[in-house]
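Two complexes are shown next, each including chain A; its partner changes from chain B in the first to chain C in the second.
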Partner chain A sequence: MRRILSSITDGKGFDLVLVGVTMIFLLALAGLPLVYNVLLSFQEVDMFNLAAFQRPWAGLENYREVISQPEFGLVMKNTGIFVFGSIAGQFVLGFALAIFFMVKFPFASTIRGVFLVSWVMPGLVVGAIWGLILAGDYGVLNAILQSLGIIDGTVFWKSDPRLSIWAVTIANIWLGLAFNMMLLSVGLAAIPRDLYEAAELDGANGLQRFATITVPMMRSTIGAVLALGLIYTLQQFDLFPAITEGGPANSSTVAQYWAWQWSFRIFDFAKGATVSVMMLIFVLVASIVYVWSTRAEVRG
Partner chain B sequence: MTRVPVPRLLLALALVLAAIYLFPLYWMYVTSLKGGSEIFANPPTFWPRDPNPAIYPETWERRTMGTFLWNSVVIGSGVTALTVLLGTGCAYVLARYRSAWIDVALFVILMLQVLPASVMITPIYVGFNQLGLLAYPRFAVILAAAAKSIPFYIVLVRATFMNVPRELEEAALVDGNSRWGAFFFIVLPLARNGILVLAILTFMQAFGEYIYSKSIITTPAYQPASVGLSGFLGPNATDWNGIMAYSAIYVTPIVAIFVLLQRRIVAGLTSGALK
Partner chain C sequence: MRTNLTTLLGGAVSALALSGAALAQEDVTITVWSIDGANQVGPSDTFSADFNELDNGITIDYRVLQFDEIVNETLRAYATGNAPDIVSLDNPDFALFSSRGAFLDITDMVAESDVINPDVYFEGPLNSVMWDGRLYGVGKYTDTIGVFYNADMLEEAGLEPPQTWAEFEAAARAMADPENGVYGATLSARGNEEGTFQFLPVIQMSGGSYENVNTEGAREWLTMVKGMIDDGVMSQDVLTLGQWDSTGTFNSGDAAMAISGPWEIDRMVEDADFDWGVTLLPTFEEGDERSSALGGFNLGILSTTEHPEEAFQVLEYFVSQDHRLFPEFGYLPTRGDIELPESGIPEKDAALAVFQEQLQYAQPRGPHPDWQQISKAIYDAEQAALTGQMTPDEALSQAQATIDGILN
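Showing the complex of A and B:
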């Protein structure tokens, strides 16, 4: 007993306690729910047996029913648009801004830091503001686009079924843009300056320097940023209830919002778990890419 | 990259870009000060004709924002306390050793970091319901949200601990300190700034938390400000100056803290996320 105690104050036990308590907490509140989620997706769950520990087995019935829903295809398509639209927008704009802020001028890093304010704002507030900006008749985005001559009539971003998913995507690009820019800036800063000077002496123009130095040197950063983009886009939930509530007619429902609706609007927790498990497959692929491309940095 | 003859011009361009990017924030404050009919004017006015700040106390009263914000503070503080308590020691150990076991632990933590809250809420809700935890809704939300923020906190605080020289700790051990003594009196004070910044970031995230609170807390008296805001939001919302006043009251403290600590937050975030 005394040996265990002294090990906790002064030996290996000290490390084991610090890591062990946290790991038990995380496994109980994240690992266990993950397994439970898979279990739920194979069970029959309704309001009556919600609190019971024994539930009827449903086999693959939940999966069959989810896939045969009329909106299944639409939700998958929306998720695809939302994910790829968001990642493309955030990455391209973020990269452009990151390169711009690498040029030396006064207050460059301070102004760059200000962009990150979008990242600390509650998602619901961001959704509320964009809901107002994207409004049809009185929205300021329409007014600006009209005065620039880009559009003629009024665009109903939120209520046009062809555009509603793009309304949420625009808001999400704004939300994630700063974070992308910040991570890419860190990667850019790590490229040795003399590589560029040598290329310039050899007569390479800006585009050639970008293609032959910046992109290859940034490969692991780009991989991590894209994987994180996929992860954060699939985590994005708050914008949906705030801007469109998935409507009109499910035209802006994505998998993560659909899963929540199954559980907390229809109270069919098994279907909610089923959609979640389907989503997890994508998340796992993204996280493997992410872990792979950051392994060197994280291990230190 | 190349030497630029006119840094002033670039500064001006940078300010324009920042202004465009921060326009939504400006629009929130401006709209909150507009009168009822001015909001629906087409084309919209970019400066309120008759700024009326009376909407702020009115919204505060009508939407019972005192209760909502208090609950946000309770949830945010609970999550932050739990995260710092559980995350700091773990991050320290993970920073001190290199072995296959440490790699496994890091891998598990990174994988937990990526789980979407919208995926986790279904099993957590059903499980909490079976355990009777839903009777303490704010505590339940704190547990669930802390599990979400701890992995992120560990990864970044670990980077801070990596920068604390090992020799200082070894010297303390030679001087007769126990491991606990060296940890509390030598290592922690040296890593204080990084821990503080990440604790503040954790608080900000938990302060705006929505999905767990919305799903778990059904009693309005225990709901945080994000759920309170969702009550009068949605595709058909019209009470825009009320919504924007509510949003402004909600985010202004966060934005103010961010502006004050901007440099440190950015440094803390970029040190560990990627190099």
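Showing the complex of A and C:
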């Protein structure tokens, strides 16, 4: 008895307790809902059996119906544009900013810190602000572009079906920029200076140093940033109700917003779950990339 | 000291016993959920407080919910057996509950009631609380839509308020002034219930219904509005603006006409520094059948209530206060037997007279248990046609196919 007790306070038992608590937490709050969600997608759910566990089995019917919706293709295309547009924009601009702030100039790190403000702001607030910036008739961006003489008429960023998904993507790039920049700055700071000095002595120019030192040394950081970016982008929801509400004509509806519409606007909880399960596959791929790219970190 | 303590304890025990006895015959509590009081004081919260002051053996436990949450919250509460006794829902959401027996059938109770008389209600609001010929609730207040016009601009153009859609378009084109950022007209074709709210009347007045959406008139109307958007007579933002924001552009003089409802009147009296008026929603040809949207909330008793009698008494009390709806809250009653007192503001009184006439033509959305899916098909079609992604015929055919799938 005493041996068990002492092992819990100090020894292997203590480790097991720590791991155990985490595991129980994960299983109860992440595992179970996940399984429940998958289960929902194979059942018929309405208000009467919402609380029941036993429901009529629907098999693949929900999947068939979701895929046969006229907007399915459009939603998938929009999700693709939003995810890849956001990640590409956040990553390229974030990397550029990270490199810029590596240059030593007065207040460099302070200014870099200020950039974090965008990451701290709630998505709904960011969405509301971008909603005002991108508004059609009285939008801030239109006013600026018009006074600079770049555009003549009014550009309806939110109401033009060709632009609406890009409007949300632009807002999301701004929102995720600081996060990308910070992670990449940390990666950059970890590269030993003498590598660059040696390369410079050997006559490598800036571009060569970037391609042969910076990028290879940053591989695991880049993998992690891209994978986390994919996850954060796929769970980005707040911007959609705040800026375009998925419109017009579903031209800015993405999978995560669609799932919410199914569940909480049309009250078809099974279809909402079905869309989420489809998204799960994407997230799974991202998670594998993330785990793979960070495998070199923290061992032992 | 010891005696003191005993006495004290004894006193405490008897006090407990007393309060126990009081509990046994304590008031019946009726839970009421509504959105009134979320943004501004409304009828349900006010009447509940007044009812509690009557001290008649029934206490109302009132809870405010947000508009976006009330259906979800009631669904969840009903599914888990914690539903309130009375809930107030937007009229198209009502059938979701009444069709499944989640609302109490009050037909027989109403037949015996001295307070509630179904015959005095407008047809539209009454239909929205009916299911299969039975009555499941009462209308709380109602609203509808018409055309607000800027009387100064109309006069300048030498025109009369439009009575047909052709006149509406002609007037909008005549009054539009892109140089000065003035649009000819505005409305809400937003991709949510508001879009359906404004578009369904057009389908109905051209001989269709939510079951049959691909009418010639609806196609014509979509072509007309698309043309106005393309030519800059109407802002492309009508696709994303709600009715409140859309009418805001009218109030600031940036649109010459606006399709919206009586909830705009008070703000318009404040904000609009021009003469304005309201006219009925246009028809296709003069003398054609009229139609308009029916908005507003209903009250119903959940079938899971443990105190149906008392809940019905509360409902009767709410109905007996209908005469206060307009003077205190600016809401229109759902019944025709209540005189609305004049406000003394001529534009407001004139507008209300028009909206009261318009109410006679207002038709409910549905009722159908899957209304939200039908509504999505309708506003998706409107948006697809107005953005030019599809022709009006393609968009409405697709909506019809979706609706047929839901109805059958």
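Brief remarks follow.
By our rule, the second predicted complex is superposed on the first by the 273 of 300 C-alpha atoms of A that agree within 3 Å, B and C clash if a C-alpha of one lies under 4 Å from a C-alpha of the other, contacts with A are read in each partner's own complex, and residues count from 1 in each chain.
Just so we're on the same page, contacts are C-beta pairs under 8 Å (C-beta built on N, C-alpha and C of every residue); 3 or more make two chains touch, one makes a residue touch a chain.
What you see is a predicted model; the values in this text were computed from it and never measured.
Judged by the touch definition given at the top, the superposed model places A:A51 against both chain B and chain C.
In the superposition on chain A, A:D160 makes contact with chain C only, not with chain B.
When chain B and chain C are set side by side, the one touching more residues of chain A is B. In the superposed pair of complexes, A:F267 makes contact with chain C only, with no contact to chain B. Residue contacts after overlaying the shared chain place A:D137 against chain B and chain C alike. By the touch criterion defined above, A:V285 reaches neither chain B nor chain C. In the superposition on chain A, A:I151 makes contact with neither chain B nor chain C.
In the superposed model, A:E71 makes contact with chain C only, not with chain B. Using the contact criterion defined above for the overlaid structures, shared-chain residue A:T244 touches chain B and also reaches chain C. In the superposition on chain A, A:A190 contacts chain B only, with no contact to chain C.
Shared interface residues of chain A (contacting chain B in one complex, chain C in the other): 50-51, 137, 158-159, 244-245, 247-248, 264.
Of all the residues in chain C, the ones that touch chain A in their complex are 71-72, 75-76, 78-81, 96, 100, 102, 181, 190-192, 232, 235-240, 249, 254, 372-373, 376, 380, 383-384, 386-389, 398, 402. Chain A meets chain C in the complex at residues 47-51, 70-71, 135-137, 153-154, 156, 158-161, 244-251, 261, 264-268.
By the touch criterion given at the top, residues 1-2, 4, 7-8, 10-11, 13-15, 17-18, 21-22, 24-25, 27-28, 31, 39-44, 86-87, 89-90, 92-98, 103, 105-112, 114-127, 129-130, 143-144, 146-148, 150-151, 154-155, 159, 162, 178-180, 183, 201, 204-205, 207-211, 214-215, 225-226, 229-230, 233-235, 237, 240, 243-244, 247, 250-251, 254-255, 258-259, 262-263, 265-266, 269-270, 273-275 of chain B touch chain A in their complex.
Chain A meets chain B in the complex at residues 9-11, 14-15, 17-19, 21-23, 25-26, 29-34, 36-37, 40, 45, 50-51, 53, 97, 100-108, 110-111, 113-118, 120-133, 137-140, 143, 146-147, 158-159, 174, 177-178, 182-183, 185-187, 190, 196, 200, 206, 209, 221, 224-225, 231, 234-235, 237-238, 241-245, 247-248, 256-257, 259-260, 263-264, 269, 272-273, 276, 279-280, 283-284, 286-287, 290-291, 294, 297-300.
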